[in-house]
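Presented sequentially are two complexes of chain A, the first with chain B as partner and the second with chain C.
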Partner chain A sequence: MDAIIQILVSGLTLGAMYALGAVGLALTFGTMRMFNMAHGVFMTIGAYAAFSTVNYSGAPLIIALLMGILAGGLIGAIMHLLVVQFMLETEDFEINILVATVGVGILLQDFLLKVYGGYPFSQPVQIDGIFRIGGVAVAYQSVVILVLATVLISALAWALTRTKFGMAIRATAMNREAAMLMGVKTSRTYLQVLIIAGMLAGAAGILISSLSTLSPEMGQNPAVRAFVICVVAGLGSVTGAGIAAIALGLFEAAIQYYFGVRYGLPLMLALVVVVLIWRPSGLFGKQEVVRS
Partner chain B sequence: MTSLSTIQKHLIGALIMLGAMTIVPAFVTQRYFLGEIIVFMIWASVAVQWNVLMGHAGVFSLGQMLIFAVGAYSAAMSMTYLDISPWMALPLSAVVAAAAAFIIGLACLRLGPAYVALLTFAISYMVYVLIITDTACYTTVAGGCQRFFGGTTGFSRLEDLGFRQMLRDNWVVGNYFTVLVVFTISLVASILIIHGRLGLAFRALSDSPVYAAARGLNRTRSQLIAFVVTAFFTGLTGAVYAAHFRSAGPSLFDFSTLLFILAMVIVGGLRSTWGPVFGAAMMMILVEIAKGLGDVRNTIIGIVLVLFVVLLPKGIAGMTSRLFHRLQPKRIGVRTEDPATDRT
Partner chain C sequence: MTYKTTNTSRRGFLKKASAGGAGSIALLAGMNQSAVAQSTDPIVIGAPLPMTGGAAADGIEFRRGLEMAVEEINGLGGILGRPLELVVEDTESKGDDVIGSAGRRLVDRSNASVLIAGYNLGSGAALPGVAADASVVYMHADTLVAHNELIRSDPETYYGSFQYDPAEIYYGVGYLKFMRDLIDSGQFTPANNKIAVITGPIAYSINIANAIRESASEYGFEVSLFESVQAPTSEWGPTMAKLREDPPSMIAITHFFPQDQAQFMLQFMNDPIDSLVYMQYGASLAAFRDIAGAASEGVLYATLIGALQDDIGQKFSTDYVARFGDNSSPNSGGQTYSALHAYAIAAALAGGAGAPYEEEQNRKVADRLRTMIYRSPMGSMRIDPETQSAYCYPAETDDPSLGMPHIFSQIKSQTETGPIISPAPYNVATFDLPSWFKS
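Right after this comes the complex of A and B.
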């Protein structure tokens, strides 16, 4: 029983963090057919922004958290304004944007390395202490992660289904030309999407770094997982990405519990390959082209 | 224009370039420069193969350094554990790399381009994580713990190609010619693929997928063939890398190395024949110049990647061929007979 609770707790925590990262990625691909390879670095930037806020101003944790999320959104906006908007509508967009975002990613990562150095810091934006469920120790931080991820993702779901700009995003994802004819300014929609994805990535970065440490390359590992989650869910499916994230988080926690931490990612990947051979467009691909 | 076919023209071009490279050691005697040219040939060979795969076959693989590492690691491991000579290890490693690519390709290539990119990237990352987290000692070498896949330290002090005994101080010239041979094989193979039947198939598939399929072309099968064939030469290059540096380690999986070579392909121009060679030369020179400015290698790679993709998505090759077309007298109503000439 304890083993199951342990797996559930750590699996849900992992899954919640993956979901935050993966949902933003799926939203970007769903609306603009753009795969953002810099997504992992967006996470890192959010984490460092929160770290710096606490370190240099001693602001309360909630402010630091907001600063981290804002930094993620800001960097998304900057990337759209400086790079992405010039590439929309060009030939081979899908491949070229991958290369461009890879370039942006390495630039930003190198910048962080120059500013903060390669030395790993611990994330001050976290809550200490544990409580017990049965015989299992649960960190308050895990609860914070779960709550925060749920709040942010629910907010996104609400925005996408209930607000005007959210509907514009979904309309663009469904059919760009039709959305434009209905008066949706797609270039602004794209900017909004990148800002939202950046903000979610920033939040994910803060949460992930609170469980490990801050380093310029900390975003790579969660980004690889977010990629895998989006692929297994079917690229562009936002709901699918959320569900797949939780499922894979639980799966990984179980593997880590029974086989050791080392095999978490590889076995998860093996599972994904099997899923893709069985369903090449992902679990939620094709049927759910309507990304909501 | 002339009676020579495209493929012959490219092969003659390759011969001229490689001929020029054989006399380089007569003029360049500093070991450092020869070493740099060796590195150039190694990366250029990887870039050339990557261009065949990504530019022509349309397989957007981010796992090329994994294939390269498979070649390097198989060479290192077969030398360390099986005690075979480096010369035997080269072809063996190429075959192992091709086999690895076959398995990865079977799993990935039925998917769309973005999926292929992500999965190949994820698989290389997974292999990297498995290698560096390995802590169990397999044997002991020179008093140290040798992990089966080398762990975080990798393999070092491998047997050399034998030129240190044969040529004494000039051993690097021996290595130079070994790498040159591998580069030649890789370049000629790429020309034969791009302008041969397989390249024609890819052109047909990219021009009109439906019509090509209707004429009996199987996209997945052609891509799998391209993936395996390019992996053979990429793996061979990886093995010669291990033989030249006498080491192979997890630094091969460094993201920045992958991007360095990706920058060569992009700068040179996807879908060209010669682009990656020029791109490789340009990136090597750029990074060499930048060494004086401090640790800015990654910054430069990032800036170059973004600038080229945004401003010159067809790379240097695309730019020069456009210039070339503009300089030629206009022939009204005459289309270029061979679409391949557009892709010089």
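Right after this comes the complex of A and C.
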């Protein structure tokens, strides 16, 4: 029984972190047909911003958390204003932006390297202590990760379905020209989407670094998983990305326990292949989908 | 080859060793004073180091060690009047392609006379190839038996490649012997004879773990869990669950990234079991204590090349921390520091450093490196001519002045590097049962 509880705790923790990373990516693709290859570095920027807030100003953890999330949003806005908006109308936007964001990611990662160096810092934004479920010690930090991920993703889902702003995003995702004809300022919508995706990435970065360490390349590994999750869920499906992330987190934890840690990622990828053979558009993907 | 000498007293040995270290510096200074400068052109020291990625904590220290050595050697007059200039290329903690490119840039673009690294994460074959092609000397602490096999396979081609510490194969058996001695001497009474071995995805870590698994029964132990993890590994929950289901008296972690080891200890200490935790190499770095904090206390670690805590080693460590700050790691920086000092002496003895493709002169430097004994802050660097790796003490020689010591330390305080508890005569503290033990 303890083993099952441990798998649930580890799987939900992993899944929640993956979900935060994946949902932002899914939102960007679903709305803009843009695969943001700098998404992993957005996570890293959020993590470093929170770290710096605590280390250099001694601010409370909640302020540091907000600063990290805001930093993710800010970098999303900057990337839109300096890069993305000029490429929106270009031919083959999807390919162009993919290459451009690879370049942005490299630049930002090198910038972080210059500023912070490669030393693996500890993330101060975390809660110490444990409580027990049965015989299993559960860290409060794991609960924080799960709760924060749930709150942020739920808030996004609510905003997408219940607010005018969310409807504008969904309308733009469905048909950009039609949305424009209906008065939606799509350029502003794209800016908002990149800010939201950046904020989610910033939050993911803080949580991931609280269970690992800070380093300029810390976003690479979770970004790969986020891309995989988006593909499994169906590109652009926000809710699907959240569900797929939790499911894959649990699957990975179970494999690690029953078969060995080294099989976790390979078997997760094998599962992805099976899913894509069975459903090429992903678990929640459709040819044309009203994504929420 | 094993050299055996009669034992001397610990104090007497360390005193003589200190004189030897000072003598090495005096030797270089003396040669510089009597030399007529051949040229004032700087000698470029090329350093292909993992400045980013998983091994960056070490890469940063490797660069610091080289910076410190360059300053000291230039203060002594360089090498026969020629100052040293350090050029670093990032190998990104990646494989042979990136490592080899970094080495080639150092030789072809920066005109490096020698390549000096700590370790890199590739197969160990990339930089010896670059060094052989360019006829330069290459010194590294990859700590790989693959280096020995490479040299044996073609000593003529790889005449200039030196591994200035012993191969990793000594970690595994050394750990088992250490544990057996700890138990037999009554310092540790295990509840069972089980060892859980946790290794990483790199051949180096796997070789050490395999050595423990293969030899455990010879020392009266049983490997109850053999787990391989990915790198990086942050969520240790499933592994912890297995450990708690069948608690071993000993846990040996050969996956050496300090940040991953620190996360293991943080999660282990949430609900500790009565297991003695040994961490190979990574826990010797300040980054480990920095991240793990109080959870680092009680951890055992070992390294085949670490700063000793005798007069030479202590002076080096004090100077190093004063120069680079409290979160710097003399254990790591001392590696490249020692290598560059050894190279400088060898080059001076050979009549000067060779430029790239100056095979005749670089062979002379390599010959000096192969035959000299250099007492560094990390111990005696004496090269086995057959493998061009440093001899290991006590595995290959029972004379501590003729081998690089395989040191075991235990972290007593999160703010200080662990004092050495083995082997004699370098031990300065005794083993303490970690505070997390309930019985």
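FYI, the second predicted complex is superposed on the first by the 290 of 292 C-alpha atoms of A that agree within 3 Å, B and C clash if a C-alpha of one lies under 4 Å from a C-alpha of the other, contacts with A are read in each partner's own complex, and residues count from 1 in each chain.
Note that a residue touches a chain if its C-beta (ideal position, glycine included) is under 8 Å from a C-beta of that chain, and two chains touch if they have at least 3 such contacts.
Here the structure is a predicted model, which is why all the values come from computation and not from measurement.
Superposition of the two structures on chain A leads chain B and chain C into a clash.
In the superposition on chain A, contact of A:60 is made with neither chain B nor chain C.
Legend: residue contacts after superposition of the two complexes on their common chain; A:256 is shown touching chain C, with no touch to chain B.
Contacts of A:91 after superposition on the shared chain: chain B is touched, whereas chain C is not.
Contacts of A:106 after superposition: chain B is touched, whereas chain C is not reached. Once chain A of one complex is fitted onto chain A of the other, the partner contacts of A:134 are absent, as it touches neither chain B nor chain C.
In the superposition on chain A, A:224 contacts chain B only, with no contact to chain C.
Touch criterion met: A:3 reaches chain C, while chain B stays clear of it. For the contact definition in use here, the residues of chain A common to its chain B contact set and its chain C contact set are 221, 262, 265. Note for the complex: chain B touches chain A at residues 54, 60, 107-108, 110-115, 117-119, 121-123, 125-126, 129-130, 133, 255-256, 259, 262-263, 266, 270, 298-299, 301-306, 309-310, 313. Within the complex formed with chain B, the residues of chain A that make contact are 29, 33, 35, 83, 86-87, 90-92, 94-100, 102-107, 109-111, 220-221, 224, 227-228, 230-231, 235, 262, 265-266, 269, 272-273, 276-277, 280-281.
Every residue of chain A that touches chain C in the complex is listed here, in rising order: 2-3, 6-7, 9-10, 13-14, 113, 117-122, 130, 135-137, 139, 208, 211-213, 215-217, 221, 253, 256-257, 260-262, 264-265. Residues of chain C that touch chain A in their complex: 51-53, 56-57, 59-60, 201, 227-230, 232-235, 237-242, 244-245, 258-259, 262-263, 267, 270-271, 287, 290-291, 293, 327.
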